[in-house]
Amino acid sequence: MPTTTTQLIEWLARFDELIQEQRGYLTDLDSEVGDGDHGANMSRGLAAVAASFAENPPEFADELAKSIGMTLVSTVGGASGPLYGTFFLRFGTSAGHTTKLTPIEFSDALAAGLAGVVERGKPERDDKTMFDAMEPAVLAFRTGLVDGDVRYAATLASHAADAGRDATADLVARKGRASYLGERSVGHIDPGAASTALLFQALSETLGQEAA
Amino acid sequence: MPTTTTQLIEWLARFDELIQEQRGYLTDLDSEVGDGDHGANMSRGLAAVAASFAENPPEFADELAKSIGMTLVSTVGGASGPLYGTFFLRFGTSAGHTTKLTPIEFSDALAAGLAGVVERGKPERDDKTMFDAMEPAVLAFRTGLVDGDVRYAATLASHAADAGRDATADLVARKGRASYLGERSVGHIDPGAASTALLFQALSETLGQEAA
Amino acid sequence: MKKLINAPEDVLAESLAGFAAAHREVRVDAATRVVYRADPKPHGTVALLSGGGSGHEPLHAGYVGFGMLDAAVAGQVFTSPTPDQIVAATNAIDTGAGVLHIVKNYTGDVMNFDMATELATGAVETVVVADDVAVENSTFTAGRRGTGLTVLLEKIVGAAAEQGRDLAEVAALAWLVATSGRSMGVALTSSTVPAAGRPTFDLPDDEMELGVGIHGEPGRRRVPLASAHEIAGMLVEPILADYNFGGAPAVVMLNGMGGTPLIELYLMFGEVKTLLEKAGVVVARTLVGNYVTSLDMAGCSVTVLRADDEILGLWDAPVNTPALRWGI
Amino acid sequence: MKKLINAPEDVLAESLAGFAAAHREVRVDAATRVVYRADPKPHGTVALLSGGGSGHEPLHAGYVGFGMLDAAVAGQVFTSPTPDQIVAATNAIDTGAGVLHIVKNYTGDVMNFDMATELATGAVETVVVADDVAVENSTFTAGRRGTGLTVLLEKIVGAAAEQGRDLAEVAALAWLVATSGRSMGVALTSSTVPAAGRPTFDLPDDEMELGVGIHGEPGRRRVPLASAHEIAGMLVEPILADYNFGGAPAVVMLNGMGGTPLIELYLMFGEVKTLLEKAGVVVARTLVGNYVTSLDMAGCSVTVLRADDEILGLWDAPVNTPALRWGI
């Protein structure tokens, strides 16, 4: 069962809900290791994405993902704006001009998004960034497709993202504002990793529903 | 028994002692109705006067009083500097080129000093300034000479100055910084009136000693 | 007290030394605490002298230079300078055409400058600035305080002096400017005098001092903290009530008290300008920044000067000082 | 929170409006939050663009004008601007000779400017300023932060652009300047972000944050409050330890963080200059005042740039902006 652009919209709509719910939590995390605006930045951006769905959104995956990416880029600001924005811009390029994505196409689009984040922020594993939640999630999704459907894959991805998020607590930040803290960043979860976990939670909930 | 320049020096030396003792008190009074620097201003000025006595001071009353006046003018600053400075400049002019002052000459010199303060600051009675302690003191000194010696006159002057100082508490300030407070200045003693009371206390103590 | 200082009693001397080190265009006489232009005016030109207590930087030393002051005399923090300092400066800058003393209306300043005038060798004229509308009935007080208008006057009259006008003309213009402008200020926090070590007055977190002076003297009244829009009204209203600026072009200054950042001062200026224009004032020239401060006090003041083409021309004339520079 | 503001979310828009009202020499595009020169550069001249989070006023908008920037892009307080804003400004100021982006080294700023560069129509070169020696091992961090040196770079490179140098030459000079200067700062108090409403960090009355950033990020370490003389040492020492300024002439800036009055800044400059000269640095040019602030934070920073005759010449060249003006 291929994924439709309608589901992409549901995915982001759910992501928006989760971000607005968790805004304070994200801000608190960023206050501890950054400048305390991650909650505000993400909430501003996802609200704009949700609003953009109101007046009829593009029906093709590439156009839809690109408009999502551009909206994030132009409203989030800070470090996370270009990163999440690039994720969806590349997702769109990989998805191509279609209204339906096969599981493999969807997985490839996620991988393209991840590659975009790497290109943009040059994060390495264990730098204590959103990458530490995103990379395991994207790999888990692909693994899940080996012996399961997108729904199963999305569940694995969400679990992997949560695990990656939690693991950032033990790390010393080497990228972003938190890196100025050096050792003092240990013991705190990275805010971007936390918002990325919400992105994949939203995905599994969306695809999960559909299949239910 | 005429007053000598040596006694003028003793008078100011005693005034310096009292000012240094009461510095904090004068500052507190000025903090309530002014800008809290009267203690610092007077202490700076009288310390300079005392220091000037170290290297042999002029032996003639006019030169001595003028050097005291100029020292006060150039070290006190603020409003009280020109006022006390003018007081002694005019005192010197009236005293003239002598080493001894008859009681009447001394009284005239005080009156000349008072006139200088009036010219400089244009204070009127009950404006809540040093004038409200100085005028009664100078008048009392002259009255005292009618049926007493300088010692008796100085004692009357000191009491009159104290009474004048205390009376400023009930007044609304109409001159100086305190006047910005308007009604809110009522209930506070005027700092300049307080330092003037010390000036006449020093005088009576000095002349008192001599006669004892 | 959190300040970038050493011993409180050395603040003035050390700050002047740093000022001298920072600005080659001025010369500082440490003994008399006077700041002079490095290269004096041509002979026969009227010279301008101002001064007062320190703690209002860049006033006055920051305005010494071509097109403004010839010298500035510094007193201790918030205490007027003494006649001997003023005389030394007056005699030093007199090129033969006389000197204009620009004095802010505080009893101490006025009396010390008066004594200096009596002792000066050359011709001296004096203008007293008393622009602070916060002081209401000046008949029962020492009169209105001199605040923000002082900067505008030093700039405009300084330009006139450079033109070679004689002492009488320069003094007349100074009095015209002094009587054509009004100011009103507000404090969000008290300043802390280094020698005192603690704030001059306590101001609760939800209150502000309206009509405050620049020495931390109390203001007109203490009012609840308000929005920038409301505060603009509280500052502009008494100014307009006190003087008729209608129709004529005006020079408007939104001045910071020292502890308020520029982002807030610009926001306030936007509010003030809107109100002034609503009231028919033609805002022809503007100045936004920290020009007459009260140490680290947070707050601002508004100054409005009624101008005409001549005054605007003098305002636009070249000026080259540490704190004000254009056209040069 | 005691600030001259209305609703916290309107601070940026309203402050920009006030800035526009105060300065005829600039034009503000409210929609994209970009400040432009009122009269653009001649065709064929390289244009300079900078920008970043707000709260550092006069940086960057105060440096838009002849001899410095062609435009400044404003992000929310302490949050970098977005690519669409940057692209709009870049395309608008490109006269055909290309645009230099001057970016302070913060991950967010760098990435947003990078994306903008990819989307811009004309040629774009970028210089990244990373002068803050407080950030020690830049290999395990996002690298040193861009602070005070940004102002000196905008002035010097701006002058070079006015001379008509091409984009490659302008960019090369920019990198030379960016790598020849160092800065170090100290905070006596925390700044308060309007949206947050409370100080970013708590600092006891007897402590200060040494090596602080300009967003209230923590510094190198928290140390007991010290005298101006001692603080000067703590700022100058790591700068000299990091780069060799010996012999060559230097441009030195003593910058205020926004809440510290000029009387203290001049005092600090005196201390700093003495220390630098003791170390053999030739202090050839100086700048003392609030040039790169952190809202209402009390404190200061020192920037030292190694110069040569060419750089000094460009420093002395005419500049005419709201916050920096001379020779014009």
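For clarity, chains are labelled A, B, C and D in written order, and residue numbers in each chain start from 1.
Quick note on the criterion: a residue touches a chain if its C-beta (ideal position, glycine included) is under 8 Å from a C-beta of that chain, and two chains touch if they have at least 3 such contacts.
Worth saying up front: this structure is predicted, and the values here are computed from it rather than measured.
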item: Where chain B and chain C are represented by their mean Cα positions, the distance between them in whole Å; value: 33
item: Geometric centre distance via CA averages, chain B-chain A, whole Å; value: 81
item: Inter-chain centre distance, chain B versus chain D - centres from mean C-alpha coordinates, in Å; value: 56
item: Touching two or more other chains - residue numbers and ranges from chain C; value: none
item: Touching two or more other chains - residue numbers and ranges from chain A; value: none
item: Pairwise touch network: line, ring, star, complete, or other; value: line
item: Touch relationships between chains, expressed as pairs; value: A-D, B-C, C-D
item: Residues on chain C engaged by chain D in the complex (per definition of touch); value: 2-6, 11, 14-19, 21-23, 54-55, 57-58, 62, 77, 188-189, 205, 208, 225, 227-229, 231, 254, 258-271, 273, 286, 288, 290, 293, 295-296, 298-300, 320, 325-328
item: Chain C-touching residues of chain B, taken from the complex the two chains share; value: 35-37, 40-41, 70, 73-83, 85-86, 120-121, 172, 174-177, 179-182, 184
item: Chain A-touching residues of chain D, taken from the complex the two chains share; value: 75-76, 78-85, 106-108, 111-112, 114-115, 135, 137, 140-142, 145, 193, 195-196, 200, 213, 215-218
